[in-house]
Amino acid sequence: MVDAGDTAWVLVSAALVMLMTPGLGFFYAGLSRRKNVVAVLMQCFIAVATISVIWALWGYSLAFGPSRGGFIGGLEWFGLAGVGGEPNPDYAATIPHSTYMLFQAMFAIITPALIVGAFAERVRFGPFLLFLVLWSTLVYAPIAHWVWGVGGWLRSLGALDFAGGTVVHISSGVSALVAAMVIGRRIGYGSFAMEPSSPTLVILGAGLLWFGWFGFNGGSALASGGLASNAFMVTHLAASAAALAWMVAGWIHKGKPSSIGAASGAVAGLVAITPASGFVGPQAALVIGGLAGILCYAGVNLRALLGVDDSLDVWGVHGVGGTWGAIATGIFADASINPAGANGLLLGNPSLLGVQLIGVAATWAYAGLMTFIIVKLVDRLVGLRVKPMEEMIGLDITQHGEYVVV
Amino acid sequence: MVDAGDTAWVLVSAALVMLMTPGLGFFYAGLSRRKNVVAVLMQCFIAVATISVIWALWGYSLAFGPSRGGFIGGLEWFGLAGVGGEPNPDYAATIPHSTYMLFQAMFAIITPALIVGAFAERVRFGPFLLFLVLWSTLVYAPIAHWVWGVGGWLRSLGALDFAGGTVVHISSGVSALVAAMVIGRRIGYGSFAMEPSSPTLVILGAGLLWFGWFGFNGGSALASGGLASNAFMVTHLAASAAALAWMVAGWIHKGKPSSIGAASGAVAGLVAITPASGFVGPQAALVIGGLAGILCYAGVNLRALLGVDDSLDVWGVHGVGGTWGAIATGIFADASINPAGANGLLLGNPSLLGVQLIGVAATWAYAGLMTFIIVKLVDRLVGLRVKPMEEMIGLDITQHGEYVVV
Amino acid sequence: MVDAGDTAWVLVSAALVMLMTPGLGFFYAGLSRRKNVVAVLMQCFIAVATISVIWALWGYSLAFGPSRGGFIGGLEWFGLAGVGGEPNPDYAATIPHSTYMLFQAMFAIITPALIVGAFAERVRFGPFLLFLVLWSTLVYAPIAHWVWGVGGWLRSLGALDFAGGTVVHISSGVSALVAAMVIGRRIGYGSFAMEPSSPTLVILGAGLLWFGWFGFNGGSALASGGLASNAFMVTHLAASAAALAWMVAGWIHKGKPSSIGAASGAVAGLVAITPASGFVGPQAALVIGGLAGILCYAGVNLRALLGVDDSLDVWGVHGVGGTWGAIATGIFADASINPAGANGLLLGNPSLLGVQLIGVAATWAYAGLMTFIIVKLVDRLVGLRVKPMEEMIGLDITQHGEYVVV
Amino acid sequence: MKMVHAVIRPELLEEVKRSLEKEGFYGLTVYDVRGRGRQDSFSWKIRGNVYKIDLLPKLKIEIVVEDEQAHRVAEIIQSAASTGEIGDGKIFITHVEEAIRIRTGERGPEAVK
Amino acid sequence: MKMVHAVIRPELLEEVKRSLEKEGFYGLTVYDVRGRGRQDSFSWKIRGNVYKIDLLPKLKIEIVVEDEQAHRVAEIIQSAASTGEIGDGKIFITHVEEAIRIRTGERGPEAVK
Amino acid sequence: MKMVHAVIRPELLEEVKRSLEKEGFYGLTVYDVRGRGRQDSFSWKIRGNVYKIDLLPKLKIEIVVEDEQAHRVAEIIQSAASTGEIGDGKIFITHVEEAIRIRTGERGPEAVK
């Protein structure tokens, strides 16, 4: 039976998560050079449109439709056939099936949009669209099925991922690293200064991401009430602790507390708490967030040392943060917070941590490999990278015929 | 009886729709030249304040008060007398009457704000305020009454307008065209480049509009549940399809996929699905949205060919999109989605299409004529247009004594 | 018992209020000079992170924990011990205790962030953090306890403050005045032009504040339904009336209707209606808002005459507006709107006004005195103000190593 | 060579560029400036402080050409950028001792061809 | 004629404008620049990359006046824009061969009166 | 003294600054400009109106040095800012009659030391 309160909460959550992708666009645009601001915004914006359409056509069905061996869903729900106002109790008993589908659509949108940061400022727009469609179909849908689909193999194994630490963040973070390595560095990387165009946009983006994440994690309870409230609370606390931790780490390490650091830290904390948000309490959230700030800060610095031009540090934030979150869930999970969860290491159940590690490893391996294949394929077929002269002039003018005056 | 879940959803929806008007301000500001950014923002912002006050005083009563012959409401509810915490079951049985009034207030605000785009960059601020008050009272309130008021003649005829395709979009789009023609072109139109100041602001605006539109259409169910979820879903899909369609049309036609095009397309899709959103399913939404993108793109190009300086293309997007949406409702409506609706042409009921066309024609005629009279009147009384020198310097400095530094 | 609809509404409200602090950041950043935009944004952003952490640790317990003599709460709830999914019926019977705590957290965050405007463009970041922690602990928590805590002395006296006129706005506004006086004027104040960097950011901030305020006041009903709807409605009307009033006052006084004036007016109206929003109806809201616009406009001009450099006029807007709101509650309160309230002066009960004045006086005195001590202390200990050369170059570069390119 | 500096109304840039192109002057550099001249200024207050806008947005164009072309370039700009209203702007001509094309290192008039 | 170029601290623009006005120098053109001089520079890192801010925000003023007024204008600016701290900026004087008022086509000193 | 004006690709600023520093040229002023040269231009339409981008983002550097250093400065910039592709930019050298340090009032070459 549809409950009005639960439906209201999940619909609002879906709206909040939708806003995260433009928010991500601002975050990334602010970190990019001025000549690529429009291109980055456009890539995020068009991801909303593109993924929504393919999600309605085949994506939702592949991810959540009747399982084919735990690996992928069937096409029974192609074009959202049968996805209507009645609940689908397999997924959520008190909200319309269409509400569940919408909420999941927003996750499917933001995940590939996250990868945009890895190859920002150097890819052609058309081939980018092709990448988007392939990645969403071949990487996102299967992993979502494994973890969340009824019959998915990781779900059956007991892996816990409340709101997408594995499905969203590890998958995009690892793919980002691979894509950045395959596509190669920006011209002048390491020798020119590549100044973030706008801390203002970074803060705008981080603010919208934080705001939207209340829906991302809170809405993953799929009902209004204590569990949603817990997810909301720990999300907020982890983000706060991580923002402080990253800021302080940068302050000690580099001499100044930077706003971009604080914003990046907040995102790192949000990422790390995502899988754990329905399974841990506020004290654990402060620890998970605080450590996320430090680990992701280290990840970003490590990435720079390795000379990989993951331009806006998708791996350092989402790959490292998501992995830490999945592990932290195995450590801190507390069945008294959510009976549908399990106890973790600290409550005497080391086996959960093992299952979590399997989930992490499978996602790293699958996302990494498939992204390698997809990027290579797209590059062969249509050429992914812009010409050097276009890169120098900037993607805004050369790809979109637009530029930022103000 | 007030239902907490339904009320939560409609209150949130009202908040979302309120945010659309500042969102519209950013959308329009980004499309304007740098010297008029503040003026456009201010016109939208002050529309929120002005219409809210007149809505509380007389607007709501004229639109929804006891009908005088199906044409206009009476003044019984002047100053919101009697509009309190109890539901008014004529309009919505499970939410407070004040909630319904608020939700409607946000529609009344954004409608005249949409027209701002037609005569952007060339009208005096004071006379604009006068226009706002007159248009809202003489055009918006009656049309809202016809379509949504108990006893309104179009409502009685069976015309379907779930969330304001006719009331909001056709009325503002047609008025925009008339206002632009009467007021005349900007100095240098057709000979100077008039560069949009900021694709960043356009995307910000489009993102907020899209986000808010979930409340606009979803909230129009006036309750939480399957119908709200359906409206939310089709809104999202139509916007997505239209963004892609407009982008591709522009890409083919002009060589580059522009972010402003994608953003405009999204708005076009949102407009077109508005009247249909409670009556059609997801497959129809993709078709309605996709065609909206193409039709509105054509509308904008047609407008340019005609040499009318509807500066930010209100008619091309809202007039064309709203008209297409009203017709599409007559084609695709499906009573199985909403028993309070009807079947459309494709389900064997051509009469609905006829009624829809009557609604469209009446709105075009009434809004067009009245806007002509109001614009002429205001111009005679107080002079609507700024001096040429002021237009050259820009409205920000000359009207508001402000300007954009960053 | 947890109600899904009520919880949905209060969780959404908490999210909305959270967004207000970044919104405030944009509002303040737009009013600041370009060289201090990042610094202002950062101060607001880091207030979110910092206060959230101390709120979870000790702040919530001090403010709402078991009362120690009506003055302060005990540390029983340190680290949110016992604050979980069950309602705490002392505060809100139909939502999880954690939801109530979260909603309150957002109020605790924005209050000290408001003070940022008083000493914008001239304080060191580290000492600012120290100020933040001290002020939140020593000023905010006690005042919140007095007014809202079970057993708080002002609450017991019958003082009405629906959503924080006293706790949030008077406390921050008065503290701002004191802090600005103690810290002293910016270099060149009164002789250089200090141009607001961006009306666009001001409108963005005002839009987000207005949007979030629906949660601030509406959510303070702590349930969905008629009272929340009333608070939402009067909030919207007061903001509208005040925006118009301030704009018109400035227009008459200085010759131009400024967008910054309209935005400031809206905020003034939102402030003034805050304490009254659960106790007055729409007609009173229009009066309270309209007068707030004029009174705060006068307050700002008075402040300028006095030569105090409360840089972004926190006192003029929040101090004056909050005080007026507390008094207005004593005048216009109507027990028929909220049986938990009382009648005010106009309904024949002058005693309420007396109680309100006691609340105002106590808050002015306590906040003013404590802020004086805290500012002096921090300055002695670590030096609050930047070096003159740093102030000339701007805080963005000197404090954060960042700057605004776009 | 000479450098022709022109301060013009921003909206006339296209017009000026087109007129220059027609006579084969293609290379140029432009940037946003604010200028004060005889135009009326605007003064007002915000939140208690007095502000005055006497600097209005203008565009500056710089074009380096051979000595004998400088006056022609100035004439083209003058006629394309003039509206007859106060605030049309100024043109200044200064002497350039050397010009170098960065790409090739070519010097003198060759560099600006 | 001469063009006086002054790079100043942005916050002293009002002061400079006022001082110039007092002696009848009204026309001028300004724009935002960034400058490096003897001032300390700031260096730090963001997200793994090293950045250094050695270019600090400055304002540049350009004023064209008759030959004999150039030194007076320079003096006025120098005294209005000086704080005695490093980073106060520089003034340069260059020669202008011709000036034209776009509105009327007037040439020479008349054009900048 | 001479003023060396260089229009360069924005991304090469760091390179140019570093090269100048190495030979002791520290003081300079830079600002954003848009330039048109031989580069291809981009043209397209938005919402029914034709637009053309023929002005691409560049940076302008101004450095005032003693007469005899001007050519060395130009050479340094030329070699640091050259990629060999169209659009690398130009360098112009003009004469400066006087330089003043605002802070101290020092004049002549002393002022730019």
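Here the chain labels run A, B, C, D, E and F in written order, and each chain numbers its own residues starting at 1.
As a convention for this text, a residue touches a chain if its C-beta (ideal position, glycine included) is under 8 Å from a C-beta of that chain, and two chains touch if they have at least 3 such contacts.
Here the structure is a predicted model, which means the values were calculated and not measured.
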Required steps from chain A to chain D (each step between touching chains, minimum): 2
Fraction-based call for chain F against chain D, same above half, different below: different
B-D compared against A-C, more contacting pairs: A-C
Where chain A and chain E are represented by their mean Cα positions, the distance between them in whole Å: 49
Computed distance of Cα centres, chain F from chain A, in Å: 43
For chain D paired with chain E, centre-to-centre distance based on mean C-alpha positions, whole Å: 17
In chain B, residues with contacts to at least two other chains: 3-6, 8-9, 12, 34, 37, 193, 195-196, 200-201, 204, 224, 254-256, 258, 260, 401-404, 406
Of all residues in chain F, the ones touching two or more other chains: 31, 44, 46, 51, 83, 85, 87, 94-95
Chain D residues within the chain F interface of the complex: 1, 3, 17, 26-31, 64, 94-103, 105, 111-112
Residue ranges of chain D in contact with chain E within the complex: 2, 6-8, 31-38, 54-55, 58, 60, 70-71, 74, 77-78, 81-95
Interface residues, chain A side, partner chain C - complex: 3-6, 8-9, 12, 16, 34, 37, 195-201, 203-204, 206-207, 210-211, 214-215, 218, 223-230, 232-233, 236-237, 239-241, 243-244, 247, 254-260, 262-263, 266, 281-283, 286, 404, 406
Chain D to chain B touching residues, read off their complex: 9-15, 42-44, 46, 51, 53, 56-57, 83, 85, 87
For the chain B and chain D complex, residues of the former touching the latter: 34-35, 187-188, 191-193, 388-389, 392-394, 397-398, 401-403
